[in-house]
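Shared chain: chain A. Partners: chain B in the first complex, chain C in the second.
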Partner chain A sequence: MIVDAILSPEFLNNTLRATTPILFAALASAIASKSGVVNMALEGIMLFAALFGVIFSAAFQSAWLGLLATMVVGGFIGLFLAFAVLKLKTDEILAAIAINLIANGATILILLFVSGDRGISSSINSLTIPMVSLPVIENIPFIGTVLSNQNILTYISLIMVVVVHIFLYKTPLGLQIRAVGENKDAAESVGISPDRIRYISLILSGVLASMGGFFLSGGYMTRFTTGMSAGRGFIALAASAMGGNTPIGSFLVSLLFGAAQAISNILQLGTLPHELVQMLPYLTTLIGLGIYSYSRMKKRQRLMGR
Partner chain B sequence: MKRVLSLLLAAVMILSLAACGQTQDQGSASEPYKAALLLNGTLGDKSFFDSAHEGLVKLKEELGEDVFDFKVEQMGATAADEPKWAPTLFDYCETGEYDVIIIGTWQMIEALEEAAQQFPDQKFIFFDETFDFSKGEFNNIYNVLYKQNEVSFLVGAAAAMMTVDERLPMVDPETKSIGFLGGMENPIINDFLVGYIQGAKHVLPDVKVAIGYVGNFYDSAAGKDIALVQYQSGGVDVGYNVAGAAGLGQIEAAADAKRYAFGVDSDQAALLPEQADYIPTSALKNVGNSLIRAIKLDLEGKLAYGTAESLGFAEGGVNLVKDEHYEKMLPEDIRARIDELEQEIIDGKIVVDTALGKTQEEIDAIKASVQ
Partner chain C sequence: MNSNTKYNILRTVLSISIALLISFGIIFLTSKEPVKAIVQLLTGPLQSQRRFGNVIEAMIPLIFTGTGVSIMFAANEINLAGEGAFHLGGLVATYFALNTALPAGLSPLATILVAGLFGMIVTAIPAILKIKTESDVLVSSLMMNYLILYFSNYVLSNILRDPKAGAVVSFAVPSVTQFSPIISGTRIHVGLFIAIAVAILGYIFMYKTKIGYELRITGENRDFARYSGINVVKITLISQLLGGFIFGIGGGVELLGMYNRFTWTSLLGYGWDAIIITTLAKKNPIYVPFAAFFLAYLRTGASIMSRSTDVVTEIVIITQGIIILLVVAEQFLSKYRHKLVAKEAKAELMEREGE
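This part shows the complex of A and B:
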């Protein structure tokens, strides 16, 4: 039963779904890290976005307008983080922790104001981004089941990998972001304002992370429940770090995490102790990080020429 | 700047003096019985925290403010809130203002143990988890438990009858699998599971139960995925979620997969009208009722501190929601059988097994018997 389940297209379909929120946030982390700032507030931004997604989509009675408004909110939180770090010179980690902690309490408070509930947004009539079946592709056996019938946001997240890649490596602004991240002083010496670039990066990072948050309550689930980001922001941070903060690398590692999650879901059908099975995603992270740092060490040794 | 500071300081001191004065005033007034309800979560869970609160509100209305009064403290449920649970409990004990402090859930056991020893004169009501009285002198704790195994027995029996019933639109009568989604493995969740399995086997001896755990009580998206796997790959047609907010994921999964999911702790069919068609009914713990009962007993001086009490169907500690929706969802003969089983439990003809006090091996054996 378990082997069948893992070989089934549903498993890969499940993997893509579990990957989506992590992927958005990992791309968000990649952009911020490329500019030289660690965006550890992803978790909080996702949680806020999951809540505001529900509120906005209900207010506009349009999931897409809701998404757009949520992205604006995400951008503002990114801006707030940038302001705290760049203007007020707060430690970037502390500022991010503050945002994450605020998100925990504030989402409950706002939910209470808007819906009268503290736990779940069921009384808000929110909308979700629909699933689509892809014509032609859906008729291909196996691949059709894997790729078709996903949420539109899942496809958007895959497209975003390419978009962010092109943005970072093929556009002048992307070059400036990487320059600031590699060497701030050198970038400044050729007339780039590092602060301006970092403001832009963190805002973009907030926007991307908020798309992942929106997906949680407006695609993955159809409503907001408190604490629903459930550590995905931190997993994404690890994914982008392991992926060398490149969009493609982040994508591959996010996919790995998504697959680990999906496998652990399936293995629960069997008789293995569930505690062991639940460790799988985290074990994968650990092993992945080990391989990553080992290969970096080897690379450095090679560069040193010995 | 200095002047502003000193002014501020003075203001704070005056205020705090005033605050002191007030508490003393209250102390000398004719005393109602005062309870403090400390929740290691928030109200609005539509579940047993809300139930506890509603019970106290009802009691206050019934007895009047001058006889009974209470305060609710919401300490929050997340990992970030956890560090303040124990200190809050100690703060409340130190005030000495409350006749009884009500707390619940397994996460509070250790803090309660310490507090009860440090403040032997403070009375506590502890709900929803077994307190280990053998660890010392705990004559100031009344422990109320709910026979979730009894109500889960009925859910399991209903689920097993449903999974082979070809009249129901969303089951595959060929498969004999039912599902269970727990938050994490702990004695209470196991108690739900043990009752569920026994009930299912009672009506369908060769039933299979797919058991999944989310790993926490808040990741609803992960709960949805695990439940979807059970429905899509495990041949499960009827599930039962005991995973707090994460369990809502199972209900969404049921709606996606066009299957059934039983609710828990609150009337989830009423709570989630869009998905009500997939929720036959919900299993409830009447925390509110049990607190009303306990405090009334305490007012008469009859509450048995230092002991634990389990409330089942007979005492109104648990029940299955049986409203119009339930009647619409389930055929009459299944409902009649459920009523019969409930009566047999009350009469003691059926003794529902419990996970409380069982070793891990015994529980694993029960789980293995339905794989």
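This part shows the complex of A and C:
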């Protein structure tokens, strides 16, 4: 019965939905990592974005303007991380941990201040990005059910895979980002400012992660709840690492984690204890990371041996 | 006192002050009674013996986690699975205490040791995974925490749950295993002595033993350590195991001292608290109790403040984040440091010329 459920187009539809926030964050992580900085603050950025998404979409009474404003906030948090790491020379992991901590506290504080609620934003009249059905495609059997009737942000996340790929591999700025990440000194010697490139990368990373955060409270769910990023920022970090920090690779691994999340959502309705099923996305990440790293290590050893 | 120590102390004090000022600013912006809130935050814990007791109670788990993470981070390995190790320590302590019947003195001791062993497994998994596959400890240790959380929730609701209790809580731990209060009017328990002993032992381990020395060398410069003939893989693993062990004991002690039933259904955040403590203590376990006292004081003050005013305790989490940012920012006050070092060098030079 469960096997039937997993092979069904509805399941794949759910997988894409669950993949969306992870995918945005994984792309964010890929850009930062390509420039040579680990952006562990994704978790905090997503949490902030989930809250500000609700606040802004309610304030403007427009989900799209809300998304735009949230992306600006995300960019600023990325800028802040860059400032701490590049200008103040803070350890990038500790700076990110600090941002994540501040996000945990500040989102509760801001939610309380804005709405008087603790824990959930039910009294804020926020809007969500709508779902759309794709004409023509929706009529194709199987594929139609999988692809159609998704949130617009899900489609945007898929488009972003291509956009980020083109950005990183086909534009001068993308080349500079990769050059700085590969060898900072070599890049500097040909006149690229590594700091400037990393500022840009972290700002872009913040913007992308905030789109994933916005989706959490304005698409995937319709409200903000405290701690709703639930480790997705960390999973995304793993996804981009396992995807070799390439957009396509990150996408494929994100899909795997999205599927694990979707399976866990389905199985929770079944007879298996739901707590064990909830372990699935994290276990998949842990095992996947191990296998990926092992194969990479072997490959490196082979190359070195030659 | 050399200029470096002086500089570090000044910087830490200044970071804390700035972070507090920012928090006061936020309180002024959001609260209707800001002055009362700030007074409660700063002096609340001193107003009664019970409240000061709360500070000491809150300090105990922080000493364990601060010491544990100081040892793990000393190897320059960002293993964040301490959170999970602490959580599992509490769970295992409950399970062990409920399923064994040991004599009064032995029971709590055996319980926290078993909790420590399980804590060790939690931090060992990412460490071993790194040794065997070179996978990133940061990500795998974060995944461990979520795995432990849901695993514990499973064990709690399917094995340990007391069906007679209203909420999802375990059966009560037998009273022979619990730590009883040592000062009447407070809940301060024997765990305090264990915690301080752990911090002192941690200091001795890191600064007075050969392995500790090798550990610090490994953390400062891995390649140099390797060329000096130090087995860096072994040293790193030892530090991760020891750190997890201390986290596990911490979880066990916290459960036996402050809870009589296992009630933890979400992560408690001690792993993150440990990071601010180790930052303030500069990875030296001997300073950990002081950093833990500071954080516990702030927490208790915040909780008193939130009960009597409209400001929520979460303000302290923000303060914590700002402190970490400022303390670890190398460039913060770096000009002053430069001046200080230059002044000292000049003075030394003058002295020599005088001779």
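In the analysis below, the second predicted complex is superposed on the first by the 295 of 306 C-alpha atoms of A that agree within 3 Å, B and C clash if a C-alpha of one lies under 4 Å from a C-alpha of the other, contacts with A are read in each partner's own complex, and residues count from 1 in each chain.
Throughout what follows, a contact is a pair of C-beta atoms (placed from the backbone, for glycine too) under 8 Å apart; a residue touches a chain by one contact, two chains touch by 3 or more.
What you see is a predicted model, and the numbers here were worked out from it, not measured in a lab.
Once the complexes are laid over each other on chain A, chain B and chain C cannot both fit and instead clash.
In the superposition on chain A, contact is made by A:G105 with both chain B and chain C.
In the superposed pair of complexes, A:M228 makes contact with chain B only, with no contact to chain C.
Contacts of A:Y282 after superposition: chain C is touched, whereas chain B is not reached. In the superposed model, A:S122 lies in contact with chain B only, and not with chain C. In the superposition on chain A, no contact is made by A:E188 with either chain B or chain C. Residue contacts after overlaying the shared chain place A:E138 against neither chain B nor chain C. In the overlay built on the shared chain, the residue A:L269 is in contact with chain B alone; chain C does not reach it.
Once chain A of one complex is fitted onto chain A of the other, the partner contacts of A:I93 are limited to chain C, with no touch recorded for chain B. The superposed model puts chain B in the path of chain C at one of 42-50, 60-68, 96-104 or 330-338, which is 42-50. In the superposition on chain A, chain A positions 101, 104-105, 108, 112, 118, 231, 275, 278 are in contact with chain B in one complex as well as with chain C in the other. Interface residues of chain A facing chain C in the complex, by the touch rule stated above, are 38, 40, 84, 87-91, 93-95, 97-102, 104-106, 108-109, 112-113, 118, 231, 234-235, 237-238, 241, 273, 275-276, 278-279, 282-283, 285-286, 289-294, 296-297. Taken together, the chain B residues at the contact with chain A in this complex read 42-47, 76-78, 80-81, 185, 210-213, 215-216, 218-222, 224-226, 228-230, 232-234, 245-246, 248-249, 252, 271-272, 274, 368, 371.
By the touch criterion stated above, chain C contacts chain A in their complex at residues 26, 30, 78, 129, 132-136, 138-140, 142-144, 146-147, 150-151, 153-154, 157-158, 272, 275, 279, 312, 314-318, 320-322, 324-325, 328-332. Listed in rising order, the residues of chain A touching chain B in the complex are 1, 4-5, 8, 10-11, 14, 17-18, 21, 101, 104-105, 108, 112, 116-120, 122, 216, 220-223, 225-228, 230-231, 261-262, 265-266, 268-269, 271, 274-275, 278.
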